[in-house]
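In what follows, chain A forms one complex with chain B and a second complex with chain C.
Entry: the complex of A and B
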């Protein structure tokens, strides 16, 4: 049920995920426009969830402040484009840099605590980040947010506001994040992350710098979240403070729990599942969050390891 | 054989307070390279706290620790481990949801860089030594309690440490497993310096070159097994005044 050593298992898992990426590529020719658009959005949000999963699922640290990393990428992308007239390429670099800097700083401070205190501290930092965005409303336009014009969302010659380009850009990003996760999990560093999740004190007393590994995990996790935030701003042409709110810190936790913490594919499956759960239930009731909540409770009761987690446990133990 | 060289591991007046409680009180301690030293004493004497300070798990409140000629008092535990100290917990601490093989891999892989062959050999050899080689792919959490303790010992020896610290390793082992353990420790001694906290006096008498007795956080006596057996103060600490 946990990642195993054998090369063959790692390879099987890789082929499985490459197959999925292939299937997502083909789906774009089949899906009706509405679902095509949804899936592009889900893939970007799944990158956010995959980033979250690195910290929560594989390292065992529960953050309640990831919205601040997502927002760091979103505004790291959007602000220089809108106010400085940057093209998407350098703006993407500034977004990633923002993600690295914010996660390194917050990680450094928050990792002085652990357990429940770590949750609270990350929550507080994210709240401070949210308020900062509101405070600088002159540039960020606060809750209302700002639009990035279609003409500016052209990268390497591709107009990313076009559905086909947008879908494929999202797919490329999704593939990168997924393959990076698998690579990480099978690396020596990734094994130490998992060891920390499984038994932190033992890991320290086997000769590993637990604190350093956790810090790197926060940085990788936060930077992947920032990358997703940047892509969201670029592909959907909008940045707003809602994405920095508590709600957006809770979402990736729910997606990952639903799909399966500590599985490479869980974040995507969880995001997909919840997106359509809300989409379908809101089409016939205004109390759609109630339905979503109920479904969550049922799933955590009956599939505690999440959809992919249970699938791995029962069917394919070699899955990453 | 007189040992005139600097001790392999030594403590110089180390203490540890927990709030008002003095768990270890200005202990001086020195063990030469290659010696098997048993540490005994009644429950709550401060044995675990004492070795915890030697390996870095518990910070000292006062005093100095030297390992292999270097002052390691301020060195974090993971760095001491990498300098050649291995430690097994009194309460078994392994990765229950990983295979035995992966447990030992985590213990030893940092020593070998990318030499996958050496890692694999070390895993097999270490599990062989405690008699668990045929269970390499099982989940550690599925093992019996005694086997889990043996796995933890295998993890310790897979690090090829210079100093091996074992906190009550035979607790929960069957008699036949204890016999195997005594044999293993004797084989390892000479190469390795071993600190062995142990309540089973037969194990102590069969393995230790020297014994240190702790009581109420202080060293009550140090000597050969024969000395300690004959020591009246030790008898009092263990058995109470009336039996002495």
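Entry: the complex of A and C
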């Protein structure tokens, strides 16, 4: 009986998210050009946040170094395109490979620690990654970064610099990441991840290999972040060290907190909310980060589970 | 039949009456139409100003803003552009390449601005330029980066108001080799801006028979520099330094402590000390050293009437600080670029008969066809030569010497000193 109810909930949740994807598809025909462009970027960044959410929201590991995974994908995509003349298809594979390798390596080392130490170690690794990009300035052009030319950003015959193609490419990527997240949290593996978040000791006592699950969570999370980084480079034509800086490690944490950690949709809602909060507030004050900070404080105080988290708690308990 | 004939054969008096009536109507309606036509043409020209209000570029952004507003006021007081007033729409890019791209999108698709303008930091230019090219909005940067002339960007991106780092650096080499020494040690930040200096200056000093004998790259996170000074070879004749950010004060102080009273000649780029008062404690050691300046901060003995007028318009005193606050030092070596760029936009729009966003390509072609620009109220920094193929302007560079905590002009380079072979021809790219 419980099994069956669970199935139904999972199905409801799936339909809900499929409905959202459908709505995003239709929105492209309605939105004015400015918001159309914004939404494409928000969907890409939401993938970054969804990657972050796998580790933070579902597994309970707070990383302060995810910018290095985002940058691994960005440079995994950009460097071979610019220096080796690769087309986007193999470059995308190299970006994913870069994400897997970097997150597997960093995860292996960083998971020797936990809690606050894990935060600090990931922060330090990310800083080292940032400095490495600057150090190899001859290829990466360091902080200045480099442009991936419009003519080279053609994938499977689609010119990704065109608004319609860009939007739909972002939507496809977003859908893949969203559905993968939902699939993951309903899988056996995902349930172990959540169990680790809720009570690591008990999960360990129940006989699960906690370390392995955490490591895999870092790899999945890092690779999804890398995928978002690769997509940013490809869709917006730029790769630069700024995206590897500490500020870009903090962003996904904020987006996820705002939207709701441990909800499939929270990262998207958080990214969307934060973007428009900054976009609107920056038009009348330079202290827009203060407003963003204030909003975050208020949300943490009054909606501690984030926007989607509270929505789930009060309205739709079946939401993934 | 009768009726028809009557209407056909209208009596002369009636015709005259009718004509008078229609003339009167015309006379009444014409001013209305005229007024309408005028409102159409008096629609402001909207210039999207991508400004570093927050982030690392904020000090520059503040002065870029003041210079821009002063230039717009001057242009509007003189009748605007093609009889239309100029309106500045400022958006903060946070000195961030992602936000920079978003701001350019906002100018193009929400504000429906005629063009985007004003970016300084190179990473923001790199991040934003692809979007400007895709959205086909002219993007006039004031960045001094070599990005435009290197061919990395696109036909919609131009830098007609400020020279680039490559030409600035190479133009310094003859002066350094002839007056300061031929054995140079370079100290620079270990990121792209520093690497540009390293590469361009090394090549340029060799062409003058000199040599860079040591290159000391300082990681951007460094806050103390004492461990780097022992790396300076003893036979160094000139130290060439270019540091950016707040660490420069520590850098100068520690360099002074290291050398004491016997130091080699020192040459630096003012970028380190833009918006910084030269009489700040710790900078005494700079006395007698030399600086590149894009435009001399202190009003010189031979100050041109153009610099005088420009300085007054922006609100800068003879010491390069704000007239309302002597502690608020300007970014004088760079900010003239905003003033000059806006005058070029005006000249380009007037030459092309620019009417609206449909004429953006015409505006770019008009600017591409520009070449020599005389020293004038529109170009108070000095005469310029624009290269339409590379979208980059070339101009005089100034070398000043610190004496009594002020910068005195000792050398002005020729425009020829700053030229280098073309690396791109943007005019071959389609719009």
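Just a few scattered comments:
We take it that the second predicted complex is superposed on the first by the 315 of 320 C-alpha atoms of A that agree within 3 Å, B and C clash if a C-alpha of one lies under 4 Å from a C-alpha of the other, contacts with A are read in each partner's own complex, and residues count from 1 in each chain.
Here is the rule we use: contacts are C-beta pairs under 8 Å (C-beta built on N, C-alpha and C of every residue); 3 or more make two chains touch, one makes a residue touch a chain.
Values in this document were obtained by computation on a predicted structure and should not be read as measured data.
Superimposing the complexes on chain A yields a three-chain arrangement in which chain B and chain C fit side by side.
Contacts of A:135 after superposition on the shared chain: chain C is touched, whereas chain B is not. Annotation for chain A, partner touching more residues between chain B and chain C: C. In the superposed model, A:207 lies in contact with chain B only, and not with chain C.
Rounded in steps of 10, the angle chain B-chain A-chain C defined by Cα centres in the superposition reads 150°.
In the superposition on chain A, contact is made by A:38 with chain C only, not with chain B. In the superposition on chain A, contact is made by A:279 with chain C only, not with chain B.
When the two structures are aligned on the shared chain, A:146 is found in touch with chain C, with no touch to chain B. Of all Cα pairs linking chain B with chain C in the superposition, the shortest spans 39 Å. On the side of chain C, the complex with chain A involves touching residues 53-54, 91-92, 96-99, 101-102, 105-106, 108-110, 122-123, 126-127, 129-131, 133-134, 145, 147, 152-154, 190-193, 195, 219-221. Listing the residues of chain B that touch chain A in their complex gives 55, 57, 76-78, 81-82, 87, 89, 93-99, 101-102, 105-107, 109-110, 155, 159.
Taken in their complex, chain A has these residues touching chain C: 32-34, 36-38, 41, 127, 131, 134-135, 137-138, 141-148, 150, 161-162, 236-238, 240-243, 278-279, 282-283, 286, 288-289.
Those residues of chain A that touch chain B in the complex are listed here as 1-2, 4-5, 188, 191-192, 195, 198-199, 201-210.
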